[in-house]
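Quick heads-up: structures coming right below.
Below, subunit A partners subunit B and then partners subunit C, in two separate complexes.
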Partner chain A sequence: MKSNTNSSKLDYLLAAPTLIWLTVFFLVPYFIVLIYGFLTPDIFDVKFEFNLDAYRQLFEGTYFRPFLLSVKLAITTTLLCILIAYPVAYLIARASDKLKNTLLILIIIPFWTNLIIRIFSWRIFLSYNGVLNDILLKIGLISQPLEIMRTDLAVIMVMVYVYLPYMILPLYSVLEKLDFTLLHAAMDLGATEVKSFFKITLPLSLEGIFAGVLLVFIPSLGTYLIPQLVGDQRSLYVGQVITYKIKNIPRNWPMASALSFGLLILVAIFLLIGYILLRKSKVRGVV
Partner chain B sequence: MRRFTRGQFFKGMNLTVFTFAMLFLYIPILILVIFSFNDARIVTSWKGFTFKYYLQLLDNVAIRQAFLNTMLIAGLSTFISTLLGLLTALGLENKKLKGRRGFMGLLYAPLVIPDILMGVSLALLFNFLSVNTGMWTVLIAHITFCVSYAVIVIQSRLEGFDYSLIEAAMDLGAKPATTFFKVKLPLIMPGVIAAALLSFTLSIDDFIITFFTSGRGFDTLPIYVEGTIRRGTITTINALSTLVIGFTLLLVVFTKRVRKSLISTF
Partner chain C sequence: MAVDGVDLTIKPGELFSFLGPSGCGKTTLLRMIAGFETPLNGNIYIGDQDIIELPPYKRPVNTIFQNYSLFPHMTVWDNVAFGLKVRKTPLPEIKERVSEMLDLVKMSDQHSKYPDQISGGQKQRVAIARALINKPEVLLLDEPLAALDLKLRQHMLIELMNIHEAVGITFIYVTHDQGEAMSISDRVAVMNRGKIVQEGPPDDIYERPSSIFSAYFIGETNLITGEVIGIEDEYVQLKCPMGDGEFFEIDSTFHFKPEIGSQITVSLRPEKIAISRHKPKVEDDINLVKGVIEDILYLGSHTQYIVTVGNHNIRVFSQHKRVYFDDAALDWEEEVWLFWHDTDSWLINELPDEDRMPAEGKAHFPKFKKHSSVLGDRI
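What follows is the complex of A and B.
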């Protein structure tokens, strides 16, 4: 019914507006980012004169540290999210249908609450004379307030907090489809609980882990707001450096462009690695 | 006897982690709500109950304007991206369409690239074209990051579509337009609503892309809140946040439809 040329034309027509939109406002802008990296910085934007400084600095490693920090943060966040999200998703997947929906809603509500507001609430919680220190002092666990705000620890805590639902939900959706009788069979045949988890549950949920990693790791690489609001301002992440180069005067848009391009390449490399790993595990018949 | 011990170890561990995760997710929000009624200039210690920050909110012109801006952008971008998403999802139903794979790649790309890059690239585009940033540039940016989600959510609804219903309607003499509006559209409506909800949420929540594409004088709520936190005058922000959280809760808890659509989004 759909294969004749007439409806084919209609299908193109239906898809065309979005295709054009994404070409103009998504694809073309990246070419402009690429070009701006070869221009000369000006106080407010750019001078249209060819200049290799930005890319030279990128390749000479002047900005190696922010990239390293961002990758480290993304890896830490992702690992912690997997460790916390897996048991949570497992528990929800095995709950009764009625309970399941309630639990899911409990996970989704924070995720639906405004991001800045949630980060802001952590500032109240963690600050020097904040609620956490208040409580710990009162019960006598510490004698002096802890300085958690504006440290890497605070950044990691808030990152995990913000990204946790993105790991729980895809894991839940694979675990929910998992045939739990397989586990019972394995255990009846004498496998221990731990062994049957590593031999059956974990391999069968790899696809969910991959989806979760995609949703957590990639955005973590470019994070700006969280380190900006709760992090140590002496250790800047890539997202912060890019933003400063764009927003703070004197501006350096060519450098921001080169850094953005570097980040884009980094993301592409990680996506490629993920794709190869996923293919490999599919070939082995694991997923 | 094994039957009784089966799964006990993991069950115990899962419950512990689950409880911890719930505390972790909700304690900061709870604190925020409590402190919105705190009668102290410094937000961090309790000095007694007050309602004054809520009253101050009503008088604050900047917040009111930021709220209106947020709703305007969210409403418009939701409408446009859901419409674009619906049309595209219908067009891409045709699996034999030439270039379909490439187009799907273009649709998925915005989802796997960090937001900040979309913000930077749009900022440079608008600079390159010498466009003054403001409401229109923010609207364009929001449609750009919402449209892919809209397409994908509606596509997932179309996936299991029963085409025999369309054939039945046609056999009974319904015109293609009638079939579409009376049979197909109602059936995929849950997907359309889910797409709209997701777009709306993404739009009102976005900070970084708006940060790069809005000019001076056009603040959305996240932009306003971030600026206020940075300047340190944060007493009314608790109250504002509590209202936002309350609104979210009301929407999620009391509307079954929203809940169902939200769950089906994932």
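What follows is the complex of A and C.
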């Protein structure tokens, strides 16, 4: 596509509000976070004195455990989301147009309710005297209520529930565009259904998986709300640690800033790995 | 029902075409052979083996799909190697056979390109190589040239024939393009509404159509109905109404004996009719009618005249050969003589009926005009 200088000037003009907005409210705060990490903590705020304590603690591994927990949670959530979302997205993509729209709306409906309310309803559902235990007791599957609330299992269940649509939708959008006659071609050439899935469908939907992973993995890594509301309070995730550093007095803004930056770098590393893997898979038309 | 009561034997090594308008069931039939669709009942044999129960990947057939369906994430080489790879052929053998195939379709120098980097004609070649490398007993081609432009189509048609000759396996070709089917096939089956209307070598179908549908779908034709008024040894005499209670009489050779007094149709190809403004010399086996030129369409290699004879609009193709005619000077509204040999028309034991017409043909169906005064002569 060619555009003359006039219209490209206009393009910049039209993009200007967004660019300014992002610069002011996105890049500048990041810069502030970066600077705060090198300051000295005070009871409520910071003293403007250069101090490397926060980054020293970060790299000495004082907070290794919350980082490890967060990475494990993010990976588990992402993998479970892929496994559950793929068949769902495939089904929707192959459904008739009318059914397709109905199913898509069903996927989107949870967004109409506030996240906190949805998490609280999970608490009611999972608690000791909750709906799930009631049902399991009634049908005689268990003789004593299960302790699901406030465990890592509860965190994973709610995480998968919350992030599933973010995996289904990008997967659906690539599978919907997938030319299913390619599967016929593969079968015609001697590939079984399973083989044609792994040789054709899966490689051609990697783009969607990658997009879904971005949408699920990154927020999962910094999640705070869900472990706070349904998780075991003895195992803290990075998001919770950062919050406590700011919430609990004496406050430690530099430590919170350093942890946030650590999280940012971690995300960047995972993104890079994902990007390289995707390039290596030699799938064209992606990235 | 998409396909109904098709009973057919295709000979080994034959290039067989299914020809018909869209929706006639030809593609469904092909998909049944490939295994993507299951008939309610019936069998499909390849050699002595009934393949009806086999899944597509176990059938000894391969398909060239309408839009080639090349795998977009694989190079030309990987596309061609796909069939061998999924069957776990040893790599040295794959390499050898892929390069052999790429040579056959003249794509060796493009082997590392991706499908979106090559042209339509090249994609077609890759699709052929990808199918043939599996050494199928039958190659199915589903409108393989539909996506190409005219020049390339003609070129690929010749190339397909050469490849067919080189590999010697059975080709089953599906198309709605009668030109393709006629030029490439050993035998053609004309299909309409899930049934085979006629089956035979191309010239047989063109020259001796068994039904109004095949006469009209293959090439162009004039259909003239008339009452049988006499039968001689060689020909029948027909009395054809032309509106306003007037008639013209024509003779035609016949291949079945119609009853005197019955209504019958004559198929008369436009290129078999000669046109002249001067009354030709009278001969015994010649039909002669008089008409008025209604329309002239200059088509380059020939001119199409639509000549009104009573309530008939008769189409005439005339090539520009000055040694035969002075047709260049023919003009609208001019009175002309149409004449053709008795043996150039063909009797069909059906009456024209909108239902039997292929959709494309309907527009050209002879219109019945109210005004008419021109007399046709029978000499």
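Throughout what follows, the second predicted complex is superposed on the first by the 263 of 287 C-alpha atoms of A that agree within 3 Å, B and C clash if a C-alpha of one lies under 4 Å from a C-alpha of the other, contacts with A are read in each partner's own complex, and residues count from 1 in each chain.
Everything below uses one rule, namely that a residue touches a chain if its C-beta (ideal position, glycine included) is under 8 Å from a C-beta of that chain, and two chains touch if they have at least 3 such contacts.
Everything numeric here is computed off the predicted structure, so don't read it as measured data.
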> Given the touch rule stated above, what does A:Leu164 touch, subunit B (first), subunit C (second), both, or neither?
Replying inline: first
> First (subunit B), second (subunit C), both or neither: which does A:Pro203 touch?
Replying inline: second
>> If we overlay the two complexes on their shared chain A, which of subunit B and subunit C does A:Trp253 touch? Say first, second, both or neither.
In response: first
>> Taking the superposition on A as described, I'd like to know which of subunit B and subunit C A:His184 touches: first, second, both or neither.
In response: both
>> Residues of subunit A touched by subunit B versus by subunit C: which partner has the larger set?
In response: B
>> Touch test for A:Gln144: subunit B only (first), subunit C only (second), both, or neither?
In response: neither
>> A:Lys195 in the overlay: touching subunit B, subunit C, both, or neither? Say first, second, both or neither.
In response: second
>> Which partner chains sit in contact with A:Thr23 here, subunit B, subunit C, both or neither? Use first/second/both/neither.
In response: first
>> Output check: A:Ser96 vs subunit B and subunit C. Expected answer is one of first, second, both, neither. What do you get?
In response: neither
> Which subunit A residues come up in both lists, the one for subunit B and the one for subunit C?
Replying inline: 184, 187
>> Per the contact definition, I'd like the list of subunit C residues that touch subunit A in the complex.
In response: 34-36, 55-57, 61-63, 65, 67, 69-73, 82-83, 86-87, 114, 116, 130-131, 134
> Which part of subunit A faces subunit C closely enough to touch in the complex?
Replying inline: 179, 181-182, 184-192, 195, 199-200, 203-204, 282-285
> Can you list the residues on subunit B that touch subunit A in the complex?
Replying inline: 2, 6-7, 9-10, 13-18, 20-22, 24-29, 31-32, 35, 42-45, 84-85, 87-88, 90-94, 96-97, 103, 106-107, 109-110, 112-118, 120-125, 127-128, 140-141, 143-144, 147-148, 151, 163, 167, 201, 204-205, 207-208, 211-212, 221-222, 225-226, 229, 234, 237-238, 241, 244-245, 248-249, 252-253, 259, 262-263, 266
> Within the complex, which stretch of subunit A touches subunit B?
Replying inline: 1-3, 7-8, 10-19, 21-23, 25-30, 32-33, 36, 45-46, 84-85, 87-88, 90-91, 101, 104-110, 112-118, 120-125, 127, 129-131, 134, 161, 164-165, 169-170, 172-173, 183-184, 187, 193-194, 197, 214, 218-219, 221-225, 229, 239, 242-243, 246, 253, 256-257, 260, 263-264, 267, 271
